[in-house]
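In what comes next, subunit A is part of two complexes: it sits with subunit B in the first one and with subunit C in the second one.
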Partner chain A sequence: MHSHINKFMETARKELKNEQSQMFLMMVALGAPILRQIGMSSFPDITAAESYSRAIRADAIARLPELLEEFEKNAESKGAKVLWAKDAAEANKIILDIANCGGVSYVMKGKSMITEEIGLNDHLIKNGVEVFETDLGEVITQNLNLHPFHLVGPAINVPPGEISEVFLKKGIIKKASTDPVELGSGARRYLRDKFRNLQMGIVGVNMAVAETGTIINVENEGNIRLIKSSPKTLVAIMSLEKVVPTIKDAIYMTRMLTRNCTGQKITSYMTMDTGPKKPEEQDGPEELFIIILDNGRSEIYRDFKTREILKCIRCGACLNTCPVYTKIGGYPYGATYCGPVGQVLTPMLAGIESTADLYRACTLCGMCKQICPAGIDHPSLLLSYRARQIDIKNQKGKKTMQSRRENAMAGLISLGMSHGWLWNFGLKITRPLMNSLAKDGYIASIPMGAQGWFGCRDLRAIPAKTFHETWNDLPSLPESSGNTSKKEDS
Partner chain B sequence: MKVSLFIPCTVDIMMPEIGIAAHTLLSNLGTQTIYHKEQTCCGQPLFNAGYRDQAKQVAKHFIEVFGEDECIVSPAGSCVCMVKYHYPELLEDEPAWHKRACGLADRVYELSQYIVDVLKTTDVGAKYEGKITYHESCHILRGLNISDQPKKLIAGVEGVQFVELENSTTCCGFGGEFAIGYPEISEALVRDKAANFIKSGADVLLLCEPGCLLNISGYLHRNHPQKTARHLASFLAENLKKV
Partner chain C sequence: MPAKEEILGRLKSATKRQNIDRPAKPTLSEITLNRQQMIRRLESELSMRAGVLYQARDKEDALRILLDIITAEGLKSFVASSEKIHGVDIASFGSQKGLSVTIPKDLANRDSLRDAAFAADAGITSADFAVAETGTIGIIFNHNHPRLLSIAPPLHIAIMSVKDLYPVYENVMEIVFKNTKEIPSQFSFITGPSATSDIQGTEFKGMHGPKKVFVIMIMDG
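And then the complex of A and B:
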């Protein structure tokens, strides 16, 4: 994971000015919710469907350790080899070892966030194993060396001209073209050739079923089906929260996933694999490795507050509805996961101290929480990270001049807010200072602090009297209204 | 009926007319308003910034001030959310305070919610000839699930013509510290809100959240000075028919 989270605002500013990005983000913001709505409307009761899927995820996470053991037992009984990886390095090593054992010179990959998270491609390439992405979007991001712009459509923002250019350079197409169909079929021809002699494929996992040991993938391009069926060796890597109790749960979650993701009732391809190829079967891998990756998730699980992050099914609905994401796109988030899901997950994976922009660049509007089919309360998590950050800053030995100053300020504000007289006294001092900056009843800028406000906005001058100061002068009810009520001081 | 006014700091300091309007509307509807002069701020800015210990102190002050008041009404959704949802969360580890916070949570109402749901009124006696539209503030809509109530109050105004606001449920980009900390993103959002307001053809944009009002009216004043945004309470109180 090549993080550049520290450049959040710098990247966001660039993206806000990038017409191409803005055009695609507008399309995402307009189109995705409509598609989702159409997809969801095939449920007889949308609210009930959402409650059901949220309950499935809550149950699965509550029973996670037990379900993982059940999954391992059942997958192994069907002939799969289940391997546990505690972090990225371990997972990368396991996969490289499998490749080396089979003596493969290249692998092909299905779209997967988790391999992006562990930086698998770099590791394999560095160690002499070539990697071919097979999801069209990932073929593009891989060749352009880009982070995913969107969880589901990693390259939705890249214009055909740019794709054509890089495809030409890499020999994927022979003739320049901006026709999406041309580009798509060019990539297909190129990849089909690689599939022919494929020895080892790598896929992520959308759902792992505890009761049967089945791994499920949903996709629209058919590339994952080819990866799962053509090579001798198949490696499926999943983060440990992907497990669900039953096939019935998995199917329900799949219905929810595709509707929330692209608005589809079902994706074009859905593959369910239970163990490797059996002697009587024609297709499928001879050996199936399932790697269950922790990479910080046990820590996330241990804390009851953060545990709910693991409910996420990576549908991307929260991105499409987030006012911030739909303005700045995926790049500023600086990591594998962007938008609200990235904002709740990345600080836990990369640490609170280096990811402040992720949990502070949020208006707490609640759109993500409202739309989430897994039942995650993102705003509440982000607020808890802000509190953690303040706690860390105030730990002994970590205090800086700035954190001391901020803390003293917060203490002073708190003191004022806890005493009515002090509050009003503070205001009496502030008002003339603020109002000395006003012109025609509005303040257009102030010399220090809160500069951000005045970039595009004015602030009304502070009225001569607060409500507090007005209260005694407020009229009681007119007699004529026939009312007997009177206001009361206290 | 007695109603205790919970006047958020933004209203107290920056927009006292909203508090006065709330008092006027509630009095006209036959309730007796009380105002505790010891009240300050609900502590939301501290809480949102992550200063929970300091916010806790403010929460305790609030709970002391409002004591056993039967009905606490505020013209601000996010402040109501703070008291209703975050006070119990903040005071989780202090059983006695937690109990008081939970008790208080059930007695706090947003103004339009109180007028429509409790006082069962949708006509406050206002008259306005013109086009109105409504911004569904995040904490009003998704925080408190309030949407019909303000619209019913608008529909109850004699002569008013309600026009739809495109993307009315999208955030205006305020978000408290967000507007100051991430000004460029905030600007992109408030710019859209203003553009949709202008597109709607309405004379006035109404809303029920003082924070959004500071943001939107501050943006309008700088960029579209001929357009106005108002708090629903001020709008209703200003347009009351003369008795």
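And then the complex of A and C:
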């Protein structure tokens, strides 16, 4: 799955006209925040609960290196093998080596964003290991070769007809159907034998507990539990920020994660693995590999400002409340992570230069920040990216054209605003100039920029007089309103 | 440089921020529930998630309930975590009623366990805990209790004692993770059956795990 971050505008325009997407986005925008609110209302004090979960994440990130070392030590003392990977290539190589070492012909995967980020499926398939996604949404996105539409329901928007077609083609179902239950049951039947014979499974990690070396997964479908039970070899891959200090922190964060994610007070399954199976146990992995992946995050950590991105627990609440995401859906973001979380994370992973559309597609309304159970200030991060982009120097070390133009504009406005006569004078000459561009009372574009603004709206022609001028021209009013009402009374 | 040293080196070289002062942990309303309230809460939360709670007066009552479930669901073959679960004699009950009951201890290896678990109509297991907060049961997986029994068969029947009912997760975590040397290789909280809403937001049960979950709570424990 290749990223196409550079097609943000194009894809967004297409999605705005896609009725299927629009219907689901409306459902998400209306329904998800209500479900979340119902879930949160079980806390006696919602604000206190949010402050506490934010403090857990802040604490975990403040002590990240120590907690990772503690986690590694404890996980290894329980028999897990902890491996570190600098980047996608290293992580992919480690996993392929484990698969080759075990001589497996296929692996099954639990829902995991991190394996999507590193392109694990492509790497394994290219090297002769078949990969079966098992989360129903990911079975669909894998077979249709789609990016996730939503962090939590990656294929929630795909019409059943399309699913039926591809399921038939791949032999997942025998008879066409547009019934979601039929399609789901088909996937269950198709994957069951594969679970039964599975030799190696791969899962992500929702939380890694430093004090015990435990990895935690939350899920509703049961695919992750099957993957953690049936095969002899289990690989759990986590990005390095997944660590939390204590097992009680993990439980508290899970309360917040599931409520913010689906509105559920708890998912069907919350599974805590500490080391591989013990020798006398009859199932569970004989070997448990835990891969701690960096992939750019230690760089993100070095910067005080961007460090807070790492607090994210991938609940997806920011998507459901974002006025941009709930209009355009997940595809325009062009990468693994969509919505506000993608807007703050992807530019750091893929580079500020190539991702301007992501951090500019924001109204700075602040809903994501307000709702975030991890305490991330998305708007301020996006503003800092915008500032960084303007400061990027070109190859000769000179400021870019855009940078110089914005500087000049800001200088001009500052000059005008600090001299009243200059401001008024400026308006006097600008108004007729602007109005000379008007057609039928509207200005549709101006030379020299602002195409973005005019791209989707027109400006009404500017009245000949300013408000002040109009005010001064009014016939003088009676002394005070008190007098007026007395007159009316009498 | 090896990956670990490089990554940790970069993290450690970053400017430290002073440690975070956490606010006091907010209290949960559930911790004040008495036993009756816990039972009611367990039942209502579980039924909201399409799970069913039965209260059995004693072991004999538990067998009657089990028979009711088996008859209603038309079940013929089981995997059970042990012959006796909380004193309920599943093995002799099975042979009395002519049902096939497989006990993992009798199985030769991992593969035969997988065969049995994926082929059975239902898994009958013990539950080590229940949490009133969300209608959840907790299971410690170990040599007496394989993992697949409660996730591979299409139906899960859990037998537990009312003594093991607690208000919130933390009560259970304190017990399970108390001794760092004896942490189970796997511990699971299970709340109702397996479910998904991944197609069109249409929810249905039994995506990969059980379609139905029954909890039999023995009250004389």
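Keep in mind that, in the parts below, the second predicted complex is superposed on the first by the 401 of 490 C-alpha atoms of A that agree within 3 Å, B and C clash if a C-alpha of one lies under 4 Å from a C-alpha of the other, contacts with A are read in each partner's own complex, and residues count from 1 in each chain.
Everything that follows uses one rule, which is that a contact is a pair of C-beta atoms (placed from the backbone, for glycine too) under 8 Å apart; a residue touches a chain by one contact, two chains touch by 3 or more.
Everything numeric in this text was worked out from a predicted model, so none of it was measured.
*Asks:* Can A:283 be said to touch subunit B (first), subunit C (second), both, or neither?
*Replies:* A:283: touches subunit C, not subunit B.
*Asks:* Looking at the overlay, what does A:58 touch: subunit B (first), subunit C (second), both, or neither?
*Replies:* After superposing on A, A:58 lies in contact with subunit C but is clear of subunit B.
*Asks:* With the two structures laid over each other on chain A, which partner does A:169 touch: subunit B (first), subunit C (second), both, or neither?
*Replies:* In the superposition, A:169 contacts neither subunit B nor subunit C.
*Asks:* In the overlay, work out which of subunit B or subunit C sits against more residues of subunit A.
*Replies:* Touching more of subunit A: C.
*Asks:* Answer with first, second, both or neither: which of subunit B and subunit C does A:229 touch in the superposed model?
*Replies:* Only subunit C is touched by A:229; subunit B is not.
*Asks:* First (subunit B), second (subunit C), both or neither: which does A:73 touch?
*Replies:* In the superposed model, A:73 contacts neither subunit B nor subunit C.
*Asks:* After superposition on the shared chain, which partner residues are touched by A:411: those of subunit B (first), subunit C (second), both, or neither?
*Replies:* Only subunit B is touched by A:411; subunit C is not.
*Asks:* Contact-wise, after the overlay, does A:85 reach subunit B, subunit C, both or neither (first, second, both, neither)?
*Replies:* After superposition on chain A, A:85 lies in contact with subunit C alone.
*Asks:* After the superposition on A, what does A:324 contact: first (subunit B), second (subunit C), both or neither?
*Replies:* Touch status of A:324: first partner only.
*Asks:* Show me the residue ranges of subunit C that touch subunit A in the complex, using the header's touch definition.
*Replies:* Residues in contact with subunit A: 2-4, 6-8, 10-23, 25-29, 45, 49, 104, 107, 110, 113-115, 118, 133-134, 136, 141-143, 146-148, 151-152, 169-170, 173, 177, 180, 183-202, 204, 206-210.
*Asks:* Where on subunit B is subunit A touching in the complex?
*Replies:* The contact residues of subunit B facing subunit A are 2, 7, 9, 11-17, 19-20, 23, 27-28, 30-41, 43, 45-52, 54-55, 57-58, 60-61, 65, 138-139, 142-143, 170-171, 173-191, 214-215, 217-219, 221-223, 243.
*Asks:* List the residues on subunit A that touch subunit B in their complex, please.
*Replies:* Subunit A reaches subunit B through residues 9, 12-13, 16, 323-324, 327-328, 360-367, 369-370, 383, 385-390, 407, 410-411, 413-420, 423, 427, 442, 444, 450-453, 455-460, 462-463, 465-468, 470-471, 474, 476-478, 480-481, 483, 485-490.
*Asks:* Which positions of subunit A touch subunit C when the two form their complex?
*Replies:* Residues 24, 27, 42-45, 48-49, 51-52, 55-56, 58-59, 62-65, 68-69, 74, 78, 84-86, 90, 134-137, 140, 153-156, 158-160, 163, 180-181, 183-185, 187-188, 191-192, 195-197, 212, 214, 220-223, 225-226, 228-230, 232, 240, 247-248, 251-252, 262, 265-278, 280-284, 292, 294, 298-299, 301-302, 304, 307.
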